[in-house]
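Note that the chains take the letters A, B and C in the order they are written out, and that residue 1 is the start of every chain.
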Amino acid sequence: MKQRTGLILFLLWVLVLAAMPWMASNYAVKIATFLAMYGTLALSWNFIGGYTGYPSFATAAFVGLGAYTGAIAQNAGWMLPAAWLAGAIVTATFAALLGLVILRMKGHYFAIGSIAIVEVLSLVASSWSGMTGGGEGLNVKFLPGGPEYIGRVFLYTMLTLMVAAFIATVLVDRGRLGFGLRCIQQNEDAADMVGIDVTRYKIYAFVLSAVFCGAVGAAYASWVAYISPGDSFSILLTLKVPVMVLLGGPGTVFGPVLGSAAFVLMEETIWAKFLDYHQAILGLVIVLLIFFLPGGLLRLLSRKAAA
Amino acid sequence: MSDILLSVENLSRNFGGIQAVRNVNFTLAEGEIVGLIGPNGAGKTTLVNLITGVFPASSGSVFFRGEDVTRQRPFQAARRGIARTFQIVQPFPAMTVLENVTAGSLFAGAASSRAQAEAEAMAHLEFVGLGADARRPAASLTLPSRKRLELAKSLAMKPRVLMLDEVNAGLNTSEIDQALALIRAIAARGITIILIEHLMKVVLSLSQRILVLHHGELISSGDPQDVVKDPKVIEAYLGSRFAERQKQLAGAAS
Amino acid sequence: MSALYAQTLANGLMLGALYACIAVGFSLVWGVLNVINMLHGSFIILGGYLAYFAWTHFQVPPFVSIFGVAALLYLLGYLIQYGLINRVIARPVLTTLTLTFGLDMILYNFMNLAFTATPRRVTLDLGRLEIAGVTLPMDRVWAMLLALAMTAMLFAVLRSSRIGRAIVAVRMDRDAAALMGVRVNKVYAVTFGLGALMAGACGALLSSVFPITTSVTGLFLGKAFVICVIGGLGTVPGALVGGLALGLVESFAGQWFGPVNAILAGFLLMLVLLVVRPTGLMGRKGYE
């Protein structure tokens, strides 16, 4: 799809989501918030998994770390935006340091290492009760205001994050970094030989894949006002986000937004109608995706458009 | 006398118990075309890998334009102007031919923007004769074309030294002649060349000077015509018995 | 040697033997097919449930039903690989992992519906063994011995049988094996079947030692990961070393730091090894 068409569609999508509080019920606002949230997470993963081709399962580690950082900051009296910023910064720093170690591994080993990080952080959060409330979780101060007001605050927060992640994606895609990451994905040694500082670029991609997740985590903690190791460092989340990007089209600007939107909407419909079988249906969707949509929806749509 | 561009001093590398490169010393002056020959397994590619930072040296040093670059990493070598081609060609397979060369211009070649890099890349593609194939995926090219793509990519990196590792492997006679013409054209641009080759015809016709590597050691260097008659070189390629016979025949003839 | 130390050591070794058995199938599949099988944990639990129901409905103890369970799981694994996974076997890590993850979600859902998540355990009162102040519950001892026996049998199969040699050949160099006339697709299916078999059989053994419930599929999968990294991919000795190492680490860490930190210690060890020596203690180069 042409860049300009895509940009216009994206803008329309953001406007539709933003208009939800005035057009529909609280439930729709909540869904819109999730759409923006997963859109952000998908766009984030796309940097390291889509462009660079490193199968990262660290998303939940970043979201969880952001959640705990934000929650602790908020409980210590920080203002919300400051707490969320802290979540983003701490997570980005963590990713930079972690990246130095873990990005040396390739393929399967990198994937395993990244999942292990999620588990390790989850276990640390369970252990370190003094700081994190341990296995029982942490309560966060409620935001004052009625449910509609709160709904709007978090909808716009997540939307802002999604737009920020989107802008970052466009800039990376068009610039030197994006080109370099694609080269790294194709042939890392050749990329090195051609003058690309492979280590530095991979770390940039990894940090980009973390920073917005950290902010999302912190905002999420403020929204639901209670976090625990299990749901902050959710293995299911960390496995679902790459699937969303695969569904939409990895390594593209619009793929993550398309894929996450399709996935979230599908999941909501399935939850509502087939509660008992919802996992099996999602599993089936994943299996069908792998077999029949190798390039994601975006490639399917552009092929149809070309025909 | 031209400036010394590259200087290799007592360079060694061992892998476990195997000495792949052993105390190699040589210098490269600007504008030279130097041939690097030796039997299979002599360590020629390893030497190139050491100079470009793919492997760290076990001992010794490499100087480039007066700077100690022994510990450099491959991307740093590329940015400094040391480029090399691969025996087994390594493109970015899913990217187009143009994008492959653009990678060279954009990064090592330090183009100011992507558009600028593409323009430069196109010029290099025309130079090597691949202009018409610019939009094709790199994986779809034939072997001779892939070799030319490697050359174009290396040129896009704006090298001062270009190390050509067996560019002619797998080419037929007419393709080799074309390759030779291309290499001469590259040298005419002022790029210093190290040519690793098996084909004596190519080496002798292009090189001003030859280095001979055997079991990782530099056993001979100098004028091409002298080197090929050097008994040590003959022994390395054809065995000690043959060298002995040659000596006897030469002795009997005098 | 203090009694506590000896007990912790004994516990660690018994646990380690079971762990080795649960991981060896996963390791083989990873080493030979280059696929991370997210279904592995569910295979273990499925084996456990089947053994449990054999006990409650037909009074067949796990040490006997293990044979039937093994056969059923082998068939299941073979079919899944041959019919589904094989279609995408050449694709990158993320694709195969995601596929097995999707399949796992389906299996998990059906297990939950069929068996519910209530923990089940086969309680066999076989008494205890007391040696030098160390208590060894007999059901664990039998489970450990059988686990070791199964692992040894697998080792023998890989060493001496024709299909076993073929599997090892494919693990070492798939293309060379194909050129030698090995039918790689069949080897893949057999290997995956064997992986499922070992998982299910071990699950059957586990049913007499741990409560079986669908919520621990991830836990066992995680342990399999850790064991593979510690021990090395695709070999039985690797899985043994890894399993014993994890068993000992968890036992001692659990004694000193508590149960949550015991699991943490295992993961930290894995991370350290990933950085320092990703091919594992037994050092065979796995796929990247």
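As a working rule, a contact is a pair of C-beta atoms (placed from the backbone, for glycine too) under 8 Å apart; a residue touches a chain by one contact, two chains touch by 3 or more.
Computed from a predicted structure; not experimentally measured.
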Name the chain pair with more contacting C-beta pairs, choosing from A-B and A-C.
A-C
Name the chain with the Cα centroid closest to the overall protein Cα centroid.
A
From the mean C-alpha coordinate of subunit B to that of subunit C, what's the distance rounded to whole Å?
50
Quick one: subunit A and subunit B, Cα centre-to-centre, how many Å?
45
Note: subunit C sits from subunit A at a C-alpha centroid distance in Å of 32
Check each residue of subunit A and list the ones that touch at least two other chains.
none
Along subunit A, where are the residues that touch subunit C in the complex?
49, 53, 55, 101-102, 104-109, 111-113, 115-117, 119-120, 123-124, 126-127, 135, 235, 239, 242-243, 246, 276-280, 282-287, 289-291
Seen from subunit B, its contact residues with subunit A in the complex are 52, 54, 73-75, 78-79, 84, 90-95, 99, 102-104, 106-109, 114, 153, 157
Counting only contacts in the complex, subunit A reaches subunit B at residues 174-176, 179-180, 182-183, 186-187, 189-198
Contacting residues of subunit C [partner subunit A, same complex]
30, 34, 36, 84, 87-88, 92-95, 97-99, 101-110, 112-113, 218, 222, 225-226, 229, 258, 260-261, 263-264, 267-268, 270-271, 274-275, 278, 286-288
